[in-house]
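Encoded as structure tokens, here's the structure I'll be asking about.
By written order: A, B and C. Residues from 1 in each chain.
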Amino acid sequence: MSFASQLLQYTLSGITIGSIYALVAIGFNIIYNSTGIINLAQGDFVMLGGMIAVFFHNTLHFPLVASGPIAALIVALIGILFERFAIHPLKNASVITLVIITIAASILFKGGAMFLWGKDAYSLPSFSGDEPIRFLGATILPQTIWIICVLLFIVAALVCFFRYTMVGRAMKACSYNKRAANIVGINVNNMVMLSFGLSALIGGIAGVIITPISLIEYEKGSLLGLKGFGAAVFGGLGNMGGAVAAGILIGLLESYSAGLLSSGYKDAVALIILLLVLFFRPGGIFARKEVQKLKHY
Amino acid sequence: MKKYLTTSFSKSAYVFTGAVILMAIVRNPYHVGILVFLGMNIIITIGLSLLMGYAGQISLGQAAFFGIGAYTTGILTTKLGLPVAVSFPLSILLTISVAFVIGIPTLRLRGHYLAMATLGLGEIVHIVFNELIPLTGGPSGFGNIPLIRIFGIELDNDYKYFIFVWAIVAIVLFLSLNIINSRVGRALKAIHKEEQTASTLGVNTSRLKLSVFVLSSGFAALAGFLYAHYVTFLSPGTFSLGFSILLVTMVAVGGMENIWGALIGTTVLTLLPEYLRFFKDFDILIYGIILISIMILRPEGLYGIKIPGFLLPRSKKGDNE
Amino acid sequence: MNNGSDTILAAKAVTKRFGGLVAVSDLSLDVRHGSITAIIGPNGAGKTTLFNLISGLIRPDSGTIFFKGERIDTKRPWEIPYLGISRTFQNLRVFHNMNIIENVMTGRYTHSSGGILSCAARLGAARREEQKIREKALYWMKFMNIDGIGAKKLKEVPFETQRIVEITRAVAAEPELVLLDEPAAGLNITETKNLIDTIYRIREIGTTVLIVEHDIDLIMEISDHIIVLDFGKKIADGTAKQVRNDRKVIAVYLGEEYGKQ
């Protein structure tokens, strides 16, 4: 393989994993926008999506087309239950309590997954075979195309949802100003619950589509969550477009550093970016100075 | 005047005496070993309690400082053959220097951001332990770390080590109780409630938060040092994200707003999985259930729950008055 | 507007904006050493904002503030109390995670110096310092007539007492200038009388008092000097008598009735 095609190969795998980070980052943003909470269990939604799909397909022998959506919906339900039982009852909780609650949920999800499926790693078959497609000397797995298409579809769907549907607009209104939204008759409570459901749904979908190319196990969520958070911060917390761009950028950097430098330190790349952004531009790379000042970090 | 010295001092002495009596009752070396680990965990969580409960700052990277302390002394004594007396101060010094340097930018962040930044830092350190193979032995780790010799006594069994570790627990507790009942402790509590108000009283809040962060990293390094020379073998698995989270869980379960809460939470969560064997594989699930139930039903933690009052080290009047 | 030695605090052309809103607008004022000076004005006039500017919690967009001739508007909030300024807050900011004497003891922070390590070891000096802090806290609690409740938690005492605790915390810092933001809010007549007495006694020990208050009778009674703000601007500045008869003040704040008295 020539250097150019090798580079292309790294680029493709970077976009693939970056798409997953982007989905996780979008999940962070949805909950952050409606509640100001950073959900440390976000990565575990991804893990649960993969695990549940594996359960339906490999254990119950459901067809893949059914297992995937069912898994994503179950994760959405888990997200809603989490909000109802753990977040909703806590009125006026301190930030530290909220952080710990989402940590608790994360531990609970991991523990539940380990309880049900043990410590083994599982996989799903690819959606449309494993026959690689040759492309300018590099190879693309069909699953990669699926992943990119799903990301594009979700972004498009979210744009439409927030722009054209009543519920989407109501959620957006809540993220700008809760009090005002309440006054015009929006049920802020329901919107918060919905945002957890939606965010979990997206996490679940990410889990379903990544499992065919990357084994899934109960602990997989932590690092995915952390890197997805890196993407969310990098792109400016709450900013959807930024999340997608930053997710893919982090995926690319990680893939290049794995290929060209050292594979062992590839996980550190996203984390170092996260720290640098947090330290020097906590509003994200796309934010203007004034915007940065208004927020509390 | 004497009263204040004797309270912190006597409380720490009670804890030490209680531990020794417990050891005499337990006897079985395996169980004594678990209590040694309990002591180490308590050293870390006391520091974390100062940071979380008093200064109101969260750290999800405490396992990293524990690890830096352990690896530093381990590497210095095995690879360079330095005596423990030299590696001890160096391991603490290196850890608190790292904490100082990363603490400056990190502690400008609040709440969730601080949580994620410390989480990221912890993970990076974990990766370095795995990848810096010539020094750390990589994922499989390295062993043959020498034992500690103190006043001519080699700490070569669980009982001796138990006494040593719990003496240090008592010292750390004594120091921390002193801090809490001092101008610095009050300033910390003020920061926890109202950072801005604290600053109008003359508290340089960022500097004080940094001090406590560094102090808590020092306690974690101390525990790391003790761990390295007890287990005599180190591998990265011990210093994972999971352990950082467990430490925060211990403090939160026991009760963040009080240092005794850290002791209670640490004791419960260290002993629970050991004595309830059948939980062994599901310990994570149990932790999750305990933590989430406590945060929902009793966010102030176990400390101060009425029923087993005689079991809890109640703070006496002289403590705060 | 001079900068003579009897001026303890001077603001010069201070402006503070929040977005489009001008909370304090081109404001200049002098506070005389040893006086009781009041800032009055309708809600939203910028009184609290002025206090926040003086105590360094926010910075002016333009203009300067001097305390005893030293420029303070560029200082960090925690440096201000070391110069001799302490304050209370309109929305009562006491620490519910400490008992009452500890709350007062936080007021002694600037008069003590033990760092985290010396506090941890609590050897001779730190122990003596802690003892001193406690004695002083007790002294000031006695001065404010709240001795004997030190061991109580804040929630065990009524709101008025919590207010007094906050003032005690400010006074315990032994400041040269104390800023009181609506100290009489929520107090009944007797409590207000006690407060007035306390303010006089604070002044007697040489502390300059700058007070924001809506209770006009209280202000008229105790103030040597009154500054009236409206929409961030100073509309009057003088003795109680001068202000009371000022047409603009009557129009925007006091109302016709008060002017006739």
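Here, a contact is a pair of C-beta atoms (placed from the backbone, for glycine too) under 8 Å apart; a residue touches a chain by one contact, two chains touch by 3 or more.
Given the structure is predicted, the values throughout are model-derived calculations rather than measurements.
A.B. asks: Linking chains that touch, what shape results: line, ring, star, complete or other?
C.D. replies: Shape of the chain contacts: a line, open at both ends.
A.B. asks: Which chain's mean C-alpha position is nearest the mean C-alpha position of the whole protein set?
C.D. replies: Nearest to the common C-alpha centre lies chain B.
A.B. asks: Once you find the CA centre of chain A and the CA centre of chain C, what distance in Å lies between them?
C.D. replies: Taking the average C-alpha coordinate of chain A and of chain C, the gap between them is 50 Å.
A.B. asks: Provide the C-alpha centroid distance between chain B and chain C, rounded to the nearest whole angstrom.
C.D. replies: Chain centres of chain B and chain C, defined by C-alpha means, are spaced 41 Å apart.
A.B. asks: Measure off the straight-line distance from the CA centroid of chain A to the CA centroid of chain B, and report it in whole Å.
C.D. replies: Taking the mean C-alpha position of each chain, the two centres sit 32 Å apart.
A.B. asks: In chain A, what residues contact two or more other chains?
C.D. replies: Correct list: empty.
A.B. asks: Can you list the chain B residues in contact with two or more other chains?
C.D. replies: Where chain B is concerned, no single residue meets two or more other chains.
A.B. asks: Which residues of chain A touch chain B in their complex?
C.D. replies: 37-38, 40, 85-86, 89-90, 93-101, 103-112, 114-115, 219, 222-223, 226, 229-230, 233, 262, 264-265, 267-268, 271-272, 274-275, 278-280, 282, 296-297
A.B. asks: Applying the document's contact rule, which stretches of chain B touch chain A when the two form their complex?
C.D. replies: 52, 56, 58, 60, 105-106, 108-113, 115-117, 119-121, 123-124, 127-128, 130-131, 241-242, 245, 248-249, 252, 256, 281-289, 291-292, 295-296, 299
A.B. asks: Which residues of chain B touch chain C once you look at their complex with the stated criterion?
C.D. replies: Interface residues on chain B, with respect to chain C: 1, 4-5, 8, 175-176, 178-179, 181-187, 189-190, 192-194, 196-205, 208, 211-212, 215, 257, 317, 320-321.
A.B. asks: In the complex, go through chain C and note every residue touching chain B.
C.D. replies: 55-57, 76-78, 80-82, 86-87, 89, 93, 95-99, 101-102, 105-110, 112, 114-116, 119-122, 126-131, 133, 150-151, 169, 173
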